[in-house]
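Structures follow.
Across the two complexes that follow, chain A remains constant while its partner is chain B and subsequently chain C.
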Partner chain A sequence: MSTEISHHKTLSESIPRKPRIATTSLCGCFGCHMSLLDIDERILQLAEIVDFDRSPITDIKHCGPCDVGLIEGGVCNAENVHVLREFRANCKTLVALGACAINGGLPAARNTIDVGECLAEAYCTPAIAIENPGIPNDRELPLLLDKVRPVNEIVRIDYFLPGCPPSGDAIWQFVSALVTRRIPRLSYALIKYD
Partner chain B sequence: MHEKERAPTPEQAARHAITRYHHDPSCLVQILHDVQDALGWLPPPALTAIAETLGISRAHVEGVAGFYSFFHLEPVGQYRIFFSDNITDRMLGAPKLMAMMCRILNVEPGHRSADGAVTVGTTSCTGMCDQGPALLVNGFPVTRLTQERIREICNLIAARAPVKEWPKEFFLVENNIQRSDQLLKFRLDPGSALKAAVAKGRDGLLAEIHQSNLRGRGGAGFTTATKWEAAKKAPGPERFVVCNADEGEPGTFKDRVLLTSYADHVIEGMTLCAYAIGAQRGFIYLRYEYRYLVPHLEAVLRQRRTLGLLGKNILRQADFDFDVEIRLGAGAYVCGEETALIESLEGKRGTPRIRPPFPVTCGYMGKPTVVNNVETLAKTCLVLAESADEFAATGTPQSSGTKLLSISGDCARPGIYEYPFGIGIAQILEDCGASNVQAVQVGGASGTCLAPYEFHRRIAFENVSTAGSFMIFGINRDMFEVARNFVHFFAHESCGFCTPCRVGTSLLKNLMDKMHNNKGANYDLSEIERLTDILKTSSHCGLGLSAGNPVITTMSKFTDVYVKRLQPFEFEPEFDLDKALARARQITHRDDTEAHFQDEREILS
Partner chain C sequence: MTNESVAKAPKSTAPSAPGEALQARETRLFSLDGKPVAFTSGQTILEAATAAGRYIPHLCAHPDFPPHSSCKLCVVKANGRYLSACSTRAREGLEVESNTPELNGRRRTLLQMIFVEGNHYCPGCEKSGFCDLQALAYQLEMQNPHFSHFWPDRTVDASHPDVFIDFNRCIFCELCVRASRDVDGKHIFALTGRGIKKHLCINSRTGKLGDTDFSAADRAANICPVGAILKKHVGFSTPIGKRTYDATPISVVSLASLEASK
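Our next item is the complex of A and B:
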């Protein structure tokens, strides 16, 4: 009796659906996203086989259920944590894209300095001649974490794609494998940096 | 000990030390020791003065000073106390004793007390595992610590009593020889092995060592004669012999005993090697933790010079000049690796070199150098004084002779045991009075962890290979904590040269701590496995290659201690996210809802 129902279910599931991709830049420089654009005309191929969800490319503000999420940048403030959690909750496969997402990168250079001192240096140093010096405390502004963290210290991460930034070719090979449900493998040349 | 009446200026101290070492930049580590002895620490002006006077860069001097854990670049207390943090010391209660001392003296662990009198911290294994828990005070070991002894020490510090006036029994280091065989029973008449060697000639000596099939006792088991022959054949006028007395492998203390009571054997072994390869200079590279042995070793060297067994024309041989200098390490496990040791001897950071070339052709100062373990050198005397065939007849065909084991941990009779190679683990455990054994760690932190089903195995290069460390863990011990202790050790001792090891050992440490704090999930376990794989495949030297071993072996043999720590959730950060915003809340005076995190699981539900 339930055979028919499950049969229909299988049918509806088997209708090809484009994989959805979401991307975001947390505490990064958008260099990894620039590198994503470096796949050049292949982005048209990509657009044919995937749909983009939340991403700087689409300007969609919140992420829906996705197959792949690409995270650029480390985690430096409360908003980064919220975005990262949203991605983890919605993306089947989450990828740390580039050096900052993997290790914290350049922003993590502040980790040995007290966050109060950092802000005081930036907003209260007389030499910089800021009008009304003082540390901004508007409720709209996300608070800084005491340390910049790699994304895998906040949520589970499935893949790490290294590079500062990873090359367009590396991103293409990696993402095209993921969305066609192949295991991503990168040749040595694509992950060799010196 | 090293308390001084009136401290010299940093410049005076630097000048004095540099003069003592003849303006030789290769003696930088020794110069830094002298300056620190005079000043209590290494203040920036002293480093600048050393760099300028020696004509080397300030960065190099600071780089070297910063490398070794017993050089202090920040002011330290007049009393510098470091508790041995090896797992065996911990099992004997070291952490509690240290907490007690910190409480009495009102000092934070790892920091200097407010009055500047005392610094209390931890250090890697001090080689007193058979009589722990132990600590070092101003470089001198205090053994068999008890609450009472801690109280006495605190009183002495409160009274500002100089360390040299502390009760002698505090500093008593016993040999604890529990089983003697060939070597430990052998009383060497100084010079007798050397005379036998000279009678045989250089080639005859090499043939004899070859015949004995003596292999290196430092763990690697390289054939001693092959090493000596290679150094002898290497081109160049100058050659060196180095005795590796940087016994840093956690749980090892056999070299301590040999240097204490068999120093003549060791130095005669060095002289035999010098004769065989044609070396004129030798070094004993002594770990800082055994600094208390320096006066004794100097006395033995002096006596041997008086007997004509060191110096010019040894045993009246025309071209047989050889002498030995003692060089002190400064707290770096990696310097037990022969090329790192040589770097340190040359006054550099102890970064292992890429091999080949091997030290036998390109060692100290780029010259042919033999680096041998203390025990190996002592055994060469045995080969000469008795016979090579007799030596080769002991042990197994591939591992001839005997092996000294440093036994510590959960057993009735810890100490030194000398056994012929081929001895079974079960027999050793019976002999030292160990019952209800859960595991034995053979070969130190980087060695092999054996579970009871493997106790039929035997000590030999071809079976269970070891440099001598043998730590026993009873059924009540938590093998996860044992592995975690070793992982901390490697993270601390990584030389920092290659990224896989520098970063990998720290990440591994963080993950093991996360598991310890009950924050670990399945994901973290697979991360641990991934990291150990990276360490094993990408590290520059043996330290990194073996740093994951304690985790890999305990994970496969004692899986339940990991599994029982696993949390049911998919992932949780190791730190408290909301607390990570506390400082920012404080400086912005915010406490609104946006200034806090909700629990992630609430959001997801």
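Our next item is the complex of A and C:
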């Protein structure tokens, strides 16, 4: 790991402008973002060599031109589609981060069930104690898609980083390669689907 | 085609008696990725390679059962032709390519097709870390399933007291079919239907596993390479990091387990 760190420093000196990173969580659990924070003190090095654009970390609401976009989560509603397209339009390199972005993940377990039945079961079942049973219908709420989709079924994705979540080490190995213009490749022990 | 080649090979290549005696004295060789591999009469390319400590990726092949050659993961290029290593007999002077970017790329594509054909959610599967399908995908660096998902509507059969079947994860390798028929003598499983409607079916009046004489001690209950046939009451007993394929690739595990069983 120490060789990689020195590599970054020399490269960061030679790169005129800091790469910009944007991140978002679509139909995910924020576990991948937790794992991003799990790179521990290396996040300070990352902050040195990159700038963060739109991300839950910065609370910036819209994405500007970026070098790398990290997408957590699959696509389950209309808002997810808008956010994903905004990222694709602004990020030179787009990464599907984690199991849900790659194959829909756990939320995609609803894909064999009709979305109406799903909502009825969750919001209208008498056995579940809820007040005023009924499917929420507010124009502020994004409409659900019929199925939860992997992100690459909506936009072109450049790289995939599997894991549920990918470990902090995997994210570090991957992202540090990307921002220093190396082709990211995970070592065996870091490729995990769970 | 390839199954046939195994069945016919002994007759068609059977040498005359004096030649046989001569060949028994000489070591017969074929080349695998440019390096010589010795074989004995009747061995398949996969068997000979494995015996020589060389790994060829495979999923439906099992040393205890006749080849099925359905998964096509073990396809190699032998003298320029694509052949299943599990069901093609080794021949003197055969030039076999296996560990090449082209063949590994094809294998990765096959794995991606298997992944989208079923419902394979590793994070929620008890077999994760022990699964041959997952381990092969790790080995061949499959980063995503690439193709559009089928999301087939399949069920779970939990009718048996000790074993459950999650049909979402079945890859149709027929190992349970072969084990139940050839070892257990119970004929409990079969594949039925075609194309995307192909599925594992169970030989009982209700079609439920609980209505058969299946037992957790059966060979068929202990052979599934994926998480389709699993024991109840023992899930997630091994911590992450200590599972079979967590740190060791299937190429190493596969050869070591065969060595241990000798």
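Here are some notes:
Going forward, the second predicted complex is superposed on the first by the 176 of 194 C-alpha atoms of A that agree within 3 Å, B and C clash if a C-alpha of one lies under 4 Å from a C-alpha of the other, contacts with A are read in each partner's own complex, and residues count from 1 in each chain.
Heads up, the rule we're going with is that a residue touches a chain if its C-beta (ideal position, glycine included) is under 8 Å from a C-beta of that chain, and two chains touch if they have at least 3 such contacts.
Note that this is a predicted model, so its numbers are computed, not measured.
Residue contacts after overlaying the shared chain place A:156 against chain B, while chain C stays out of touching range. Of the two partner chains, chain B and chain C are each touched by A:147. In the superposition on chain A, A:43 contacts neither chain B nor chain C.
Residues 147, 152-153 of chain A touch chain B in one complex and chain C in the other.
Listing the residues of chain A that touch chain C in their complex gives 96, 99, 102-106, 108-109, 111-112, 147, 150, 152-153, 157, 159-162, 164, 185-186, 188-189, 191-194.
On the side of chain B, the complex with chain A involves touching residues 523, 527, 570-571, 573-575, 577, 580-590, 592, 594-595, 597, 600, 603-604. In the complex of the two chains, the chain A residues touching chain B come out as 78, 81, 85, 89, 114-116, 119-120, 135-137, 139, 142-147, 152-156. In the complex of the two chains, the chain C residues touching chain A come out as 115, 119-125, 128-129, 134, 137-139, 141, 143-146, 148-149, 151-154, 240, 246-247, 249.
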